[in-house]
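Each chain gets a letter, A, B and C, in the order it is written, and its residues are counted from 1.
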Amino acid sequence: MRFEADTLSVNRGLRRVVQDVSFSLGEGEVLTVTGANGAGKSTLLRALCGLLPLAAGRLRLAGLGEGEDDPLIFREHLHYLGPQNAMKAALSIRENLAFWRDFSGGSDGLEIEQALRAVELPHVADLPFSYLSTGMRRRVAICRLLVSKKPVWIVDEPTSGLDRSASELFAGLCRAHCADGGILVAATHLPLGLGKAQTLAMETLFTVFEGDAFFDGEEA
Amino acid sequence: MAALLGRELRVALKAGSGALMGVLFFLAVVTVFPFAIGPDLNQLGRLGPAILWIGALLASLLGLDRLFALDREDGSLDVLVLEAHPLMATVIAKCLAHWLVSGLPLILATPLFGVMLNVPPLGIAAVMATLAAGTPAITFIGAAAAATAAALPRGGLLVAVLTLPLTIPVLIFGITATNGALFDPDPFTAPFLILLALTLFSAVLGPLAAALMLRHSAE
Amino acid sequence: MNQDTQTLSPAPSWWMRLANPTRFMTFADRVIPWLAGLAAIVAAVGLWLGFSAPEDYQQGATVLIMFLHVPAAWLAMMCYSVMSLSALGTLVWRHPLADVSLRAAAPIGAAFTLLALVTGSLWGKPMWGTWWVWDARLTSVLVLLIIYLGLIALARAIEDPVQAAKPLAIMTLVGFINIPIIKFSVDWWNTLHQPASVSRFARPAMDAAFLYPLLVMALAYTLFFFTLHIMNMRNEILARRIRVLKLRQAGR
């Protein structure tokens, strides 16, 4: 399985935020996306998940067979960890994680207890999510990637709110994911301590569509 | 989908206020009417079905804007959209859950409010039947507007403004069927069947539009 | 997406050629004076025909309002059809100007709808002795006005016009599919409640003396609509170019 991008461009409204990004990741490989605030890291990651339309370029999850060219189809094989935690504050940790496990239909991931132990929070399963501190919430959000198994992780600022040891913990989980043949795309300011990572440094673009090309966000 | 339905219901019941707030608003609307038109029981009995319907219509619009906005705020919406399920099924499950916690309590509260408005028992039964047939349509139509407004500040008002004109047919046939049950020459079955048809139609159109909207505007 | 444009480009029909905003601007500049002039001439002819029409035996001189009122109501509906076509253009054919066209048409449609309501009300006063009756037609048009205003509110609520395009197109189509249903239900509601007062309104066949001025006025309104529509599209394109310049300035 390979995750490939060929000269991707992404627009937000009238602005081009990502221009001509290409990469090719094989099993066990990591891409770290770096860049200043507003450089388009989040936009790129959302586009990789098919959450934003591509203005140009191609995205491929090779080895999937039918639909490998269409982000709207292959995105079900991605785990996306966005800036928010995607957990309901009123529900308990167990309910939250069980929901995501059932909803993504995966039963081949870790048990909820195991996953919580992996992020060193074995004692919180039955507490409401809202009782946790920021760092603990983030760690629970990371658990979502563990309870159902998917080959590609796309994580946006995964360690925001995490202290040094928790970041180390996450880096360890990522290494385990890659050792298992997984692919990882991470946008982060902090070094994750991952070996043999490709790096994509993004720069802030101020390209606005010229004259005739700006209307649909497509090149005319 | 069962998982989603369960989660939505649990969230609504845990956060508590959601369902009860709708009923409370319903009660407030019903209470305000006699002050506006006078406490004459005969008149209230005549206008009762209409008052109940308007109250239920407004109350079911109340929570609609949060249908997707909350999921968007905590980031769940992205993950929901990402998963393998047809987006339309996800939307329908969310609508169903929303109706169960906000529409159904309104119907269950109708007998009490109906008695207060001096609506005869047959009328109350008719209002309950038409509400049960009609309020899902309001949720489904509103879902499209809610999906549009999920990302917007002051989205709630916009949802109401976009949804209300589209729910006029539901209101018309709901009231007509109720009056048909109460007053002899008017028919009940025909408008009631049209009401059901409207609901089924909305159950397709609304989620379809909402899914399209969520797919395109997950920015 | 890019492939779409590439497959389309080998056969540039005038339709796709206009997709280029610069070309559209030249086209608009050339066409607007002609359309506007033609609209004025046809309107003058229509009004002259209308004023020379005989007085209606029932309605007297007030029948003249019809020549302003009925075409406005027709145009209110036509404009929504134009918007729905534009919405399809955005969603299905990805025509770059479709979204501009939709946005430009909405306020014009709302204006024609309002005009239909106001003239209808002015007509209603001598006819029914009241400014407003909950007659099926008036009520449907009122609902149409609310839908127009809702769409305009939606368009203005999303700051970036390009990001607003798809939500706006989808809501426009939802409205389009619902309008016949609303019309049908309002008619149903009306037959249940309406006293006979309006029935004399429904005349079996319109006399040719009224029909011709009406048709000419409808043509004038249509020409006027397209003049306004193209002018407003031009404004919208200019507004977007200004936006681009400002964004570029922000980036410097």
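Quick note on the criterion: a contact is a pair of C-beta atoms (placed from the backbone, for glycine too) under 8 Å apart; a residue touches a chain by one contact, two chains touch by 3 or more.
Note that the coordinates shown come from a computational prediction; the quantities given were computed from them, not determined experimentally.
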Ranking chains by how close their C-alpha centroid sits to the total C-alpha centroid puts first chain B
At the largest C-alpha centroid distance from chain C we find chain A
Taking each chain's centre as the mean of its CA atoms, chain A sits from chain C at a distance in Å of 46
Cα centroid separation, chain A vs chain B, in Å, comes to 36
Distance in whole angstrom between the CA centres of chain B and chain C is 31
Check: chain C positions touching at least 2 other chains come out as 163
In chain B, the residues touching two or more other chains are 216, 219
By the touch definition above, chain A meets two or more other chains at residues 12, 53
So, in the complex, the side of chain C touching chain B is made of residues 91, 143, 146-147, 149-151, 153-154, 157-158, 163, 166-167, 170-171, 173-175, 177-178, 181-182, 184-186, 188-189, 192
Seen from chain A, its contact residues with chain B in the complex are 12, 46, 49-53, 72, 75-76, 78, 80, 82-91, 95, 98-100, 102-105, 144
Contacts from chain A onto chain C in the complex sit at residues 11-15, 53-57, 206, 208-209, 211-212, 214-220
In their shared complex, chain C is touched by residues of chain B numbered 141, 144-145, 148-149, 152, 154-155, 158, 161-162, 164-166, 168-169, 172-173, 176, 186, 191, 198, 201, 205-206, 209, 212-213, 216-217, 219
Given the complex, residues on chain B that touch chain A span 2-4, 6-7, 10-11, 14-15, 73-76, 78-85, 215-216, 218-219
